[in-house]
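Take a look at the structures listed below.
Common to both upcoming complexes is chain A, partnered first by chain B, then by chain C.
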Partner chain A sequence: MGGKVSCTLGEVKNRADFVLYWGGNPAECHPRHFTKYALMPKGRFVPRGRKDRTMVLVDIRETKSVKAADIFLQIRPGKDFEALSILRALVKGQHVDEKQVAETGLTLEQLTDLVDRMKRAKFGVMFFGMGLSMTRGKHMNSASILTLAAELNAYTKFVAMPMRGHGNVTGADVVMRWTTGYPFGVNFSRGYPRYNPGEFSTVDLLVRGDVDAALILGADPGATMPQPAIDHLARIPTVVLDPKVTHTSRLARVHITTAVTGISAPGTGYRMDEIPLPLRPALRSPYPTDEDVVRRIHQAVAEKPDWMAAGGQTTTTQI
Partner chain B sequence: MSLTIVDNATCAFCGCVCDDIEVHADEHKIVAAKRACILGKAWFLNHTTDKHYPDALVDGRETTVDEAVQVAADLLDRADMPLVYGMSNITCEAQREAVALAERLGGVADSHTSL
Partner chain C sequence: MSAIRLTLKEQPGVPLETEVLSPDALADLAHDEIRSLPVQLGKRRRRLDDFFEIEGERSDEIEVHGDLSLLKWIGRGMSRGRLTIHGNVGMHLGAYMTGGSIEVHGDAGDWVGAEMGDGLISVHGNAGGQIGAAYRGSPTGMRGGTIVIDGSTGLEVGMRMKKGTIVIGDTAKDFAGLQMKGGNIVLLAGAELRTGAWMIRGTIISLKPIAMLPTFRLARSYNPEFLRLYARFLSGLGITLPCAADEGRYDLYSGDVSVPGKGEIFVWQPAEAAASR
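Our next item is the complex of A and B:
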C-alpha cells in the first residue's frame, strides 16, 4: 500500500473532526476503535470529543455501528466503486449522471451533502473495512478510496486507513515491504522478488495448482479459503505451524505446535496505523515460538545444496 | 500461587492492537484482562499453559519438534515452488524469518492481505 495518504490513530484522536467508516462494523469487530481512537476521545484540536466530530457510516445493511453514526448511507451491494467514483467527480465539481447515482442506492443530495461536509472538515479520515476491500472490485475499491482521500487534499487535510482484522496482518505488510520492497504476494522463484497480485496471491496460486509445497503459519486457510484452494493444499505436502491443531493441520503432512503470539510468545506487533508495539506475554508456553521453529527449518534447509547456485529454476527456458 | 500483573499488556487479537490492557495471570492461566473489549477479554482468558496438543505431528503420528523440523525442511526444499503463507497471527520477528526462508527456498511469501 505504498503511497497511501494516511496518519496514525493518535492524529485521528487529536485532530479528526470528520470520521467516515466504509464497509465495516467497528462496534462489533473493533469494539474499542470508537472509544479509544477515533470517535469518543477528547483530543487537542477536538476538545469536546464526540461533539466535535461528524461520523458517517457507509454500509450495505444496518449494523450495530449505525447507532454511533450521525449519518448512515445505505449503499447497494457491489456499488462501492461506482459511489466512490461519483464522489471523486463531485469533489472536482464535474457533472454526474442521475441514473448512475440512483444505481448506487443513494441520492445525489446525499452524496453532494457528503462532499460538502468532507470539504468543510478540518481533518477528515476515512476508515475502510472488508465490506469495501473484499467485495466486487476488491483492490480497485481500496485504490479508489485512497485516491479520493489523496484528491481531497486539494481542499483540506484528508487521510484513509484500512481497518485491519487479524492481529499482526499489518506487520506482515510492513515486514515484507522492508525486506522485499513489496507488501504481499512476493515470488522469489527467479532469485529476486517479483510482485503481481492475482498471479502470486495465495488463492490464485492454489486454485491454479502452481505451488508444490506449502508452509502455513499464523493462519488457517483450511477453514477460510475456497474449496478448490483447500483441495490443492491437501494434494501437496503442507507444513503447518500453529498454537492449535487446525483444519489445515488435519490435511497437512507436518504440524508443529507453537506458542501463542502475545500470550506466551514475545515480539513486535503492528497496529492498523503501522505503529509497532511490543507484545508483553503473561504466560510461559510449553511450546517453542514460531520465530524459533521457522529459524530452525531455515537452518535445516540451509544445510542442503543451494538451489540458486545449482542453476536456479528447474524449468530450462525462461521468458 | 503467585499472581503476575502485566501493566500495559498488548492485545494482539485484532488490528487495534490496544496496548493498555492490565493482565492478571497466575502460573497457569490469565485470570483477568482489564480495559480489554469483549473480543480481547475472550482471547486473553482463553489461553492456558496446558499442553492440549502434541509437540508435533508428521503424517498424523506424534513426534518431536526436531524430527518435524527436518521433515518440513526436506519437503519444502524438494519443492520447485513452495508457498509460505499466513503470517497474520505471528510476531514481526517470526515474519522476518518466514520471508528469509521463502527467499532461500525460491518460493512465494504471502499474507492474509492478498485474500
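Our next item is the complex of A and C:
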C-alpha cells in the first residue's frame, strides 16, 4: 500500500513541471487553481511558468478545462481503475496487451507516452476529483492513484492530492486525524475511537438507520446525500448549526443560526493541501459562533450524570 | 449437556454489540451469570437478558433465534463449540475466530469471519461485503479456516486474505479477492467487476465467465492436477467442483501485473463452450 504522498500547493507552484488532473474540472470548479498554484505562476524552479509545465487532463468528456491542457485523454466512464492499473503495470515495465487497453477508451501508445512523461518529470503532481473518487470503485479508485504516485517515487518526485470542495472538509479530516488518529468514520460509543468506514461513516449510518439522533455542523447532507439517508434525518431528532436556511435545516427538529466563520466569526480553515489558514472576521454578527454553541451544548451535557462512571464500559471479552 | 438457547425478545433501536454471544464466553457460566453478561447498546451498557430469553447453561453449543440484523460481533474470537443462528445476523460475525463453527439460517452482514484464524462459518442466505477480509489499516485478512456463503455477497470478498477458503454460492460484487496474498476463493456463480484486483498470490476459481481486469493475462487452458485434490476437499462441504477433462477445462489468468503479482484466476469453460471457441 502506498499511503498518501503529498506536498503543499506552494511546492506545486515552485516545482511542479508535470501536472495531471484526473476526473475533475478545475476551470469551473476550482477557478483560481490554475492561476494561483498549479499552472500559470512562475516558480523558483519553473521560471517560465506555464511554458515549463506539462498539463494532462483525464476525464470522460470535454470540459472547459480541456483548453488549458496540453494532452487530453478521454477515458470511457467507469474505467478509471482499469486505466490506473495499466499505468501502474507500465511504470514497472510490465507487458500489457494493446487489446486489453482498448476497454478503457485509450490506446497503449497514449498510456506509454503518459508514463514516459511522468518518469521524465522532475516534480510531478496528480490532482484527482470526484470523477475519480465518487464513481464505481470509489475508495479503491483513490487508492490506486495514490499508490501510483507512491510508486512513481522510485523514478522521480511525485505527489497526489485530492481536489477538495465544500468549505472546510479538509479541516474536519485533519482535526479528526490529530485528535483520534483517524480522519473520518470514527465511533466513540465505547469511550475510545474506533475506525471503520462503511460501518461508521455518516452516509452508511444514516442509510441503515443506525443512529437515533444527529448533530449537523457546517454541512448540508439534505442536499447531497442519498434519499434514504435524508429520510432518516427527517425521522430522528436532527439538530443543525448553520448560518442560513439549508435543505437540512428545513427537515431538522432544531436549527440554531450561527455566525458565518471567516466573515463574522474567527477560526481556522484548512486549504486542500492541509495548510491551516487563520480566518479574521470582517463583520460582527448578532449570532453565536459554532464553537460557542457546541461548547454550551457540551457544558449542558456534562452536567448530566456520568454514564461512563456508572459502568458505561463492557470490555470483559475484548481481545 | 444441552445447548444454550437464546431468543431475541426486544429489537434494539440502534446496533447492539454482543461479542459475549460466543461459546468461549458462555461455556463455563451458570444461568444467572449468562443473564447478567454485558452488551453494548449504543454508548450504554445493558444486560444480555434485557434483549434475550435465555434457556440452559454451561454448554459450548449455542442456539440463537430471532432477527439479529442489528447485532454485531456475534462469535467474536471464538475458539471452540458450535453457534447456530436462526434468523438474520449483523456485522462482524465470527471476526477473529480461531476455531469452532458457526451456522446461519438467514442472511449475514458485512465483515463475516474478518481476520479469522481457523474454524468454519456457513451462511445459508446472502452476506454483505468484506467476507474474511482485513480490517482497514490491517495488513492481513483471513489466515485460515473456511467460509461458505450460499447466497450472494457484497464488495471486497477476501480482501488481503492469506490462507483459508471462501466459497460464494451466488454472485459476488466488485473487488473479490482484492490484494489477496494467498488462500482460495471459489465463486460458484461468478462475480461482478475487478475480481482479483491487486492480487499478490492466491487462487480464485470461478465456475462462470467473469469480466477480467486488463492487467490479467490468459496464461494457459488446462485441467490442473491440484484442483482434483481441492475438489475432494470441497466435496466434504457439499460443493462440487468440475475437474474431469471430458467436462471442460479451466482458463488460467495470471496477475495482477500492476503489483506485479503471481495470483491465479481459474475460469471454468464447459466442454461445449470450449469446443465452440
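One rule holds in what follows: the second predicted complex is superposed on the first by the 309 of 319 C-alpha atoms of A that agree within 3 Å, B and C clash if a C-alpha of one lies under 4 Å from a C-alpha of the other, contacts with A are read in each partner's own complex, and residues count from 1 in each chain.
Going forward, contacts are C-beta pairs under 8 Å (C-beta built on N, C-alpha and C of every residue); 3 or more make two chains touch, one makes a residue touch a chain.
Just so we're clear, the structure is a prediction, and the values are computed from it rather than from any experiment.
Touch criterion met: A:A300 reaches chain B, while chain C stays clear of it.
In the superposed model, A:R271 lies in contact with chain B only, and not with chain C. In the superposition on chain A, contact is made by A:V260 with chain B only, not with chain C.
In the superposed pair of complexes, A:P183 makes contact with chain B only, with no contact to chain C. By the touch criterion stated above, A:G165 is placed in contact with chain B alone, chain C being left untouched. Once chain A of one complex is fitted onto chain A of the other, the partner contacts of A:D210 extend to both chain B and chain C. For chain A, the partner touching the most residues, choosing from chain B and chain C, is B.
When the two structures are aligned on the shared chain, A:P197 is found in touch with chain B and with chain C. By the touch criterion defined above, A:D231 reaches neither chain B nor chain C. In the overlay built on the shared chain, the residue A:H33 is in contact with chain B alone; chain C does not reach it.
Comparing the two interfaces of chain A, the one with chain B and the one with chain C have residues 188-190, 197, 210-212, 307, 312-314 in common. By the touch rule above, chain C contacts chain A in their complex via residues 13-15, 17, 19-20, 22, 24-25, 38-40, 42-45, 70, 76-77, 91, 96, 110-111, 129-130, 135-137, 174-175, 178, 193-194, 197, 213-215, 217, 256-260. Residues 81-82, 85-86, 88-89, 92, 94-97, 100-101, 103-104, 136-137, 140, 188-190, 195-199, 210-212, 307, 311-314, 316-319 of chain A are the ones touching chain C in the complex.
Of all residues in chain B, those touching chain A in their complex are 4, 6, 8-20, 23, 25, 29-30, 37-40, 44, 47-49, 51-59, 65, 68-73, 75-115. The touching residues of chain A, when paired with chain B in their complex, are 29-33, 36-37, 134, 163-176, 179-180, 183-191, 193, 197, 200-203, 205-206, 210-219, 221, 224, 236-237, 239, 243-245, 249, 253-257, 260-272, 275-280, 282-291, 293-298, 300-302, 304, 307-308, 312-314.
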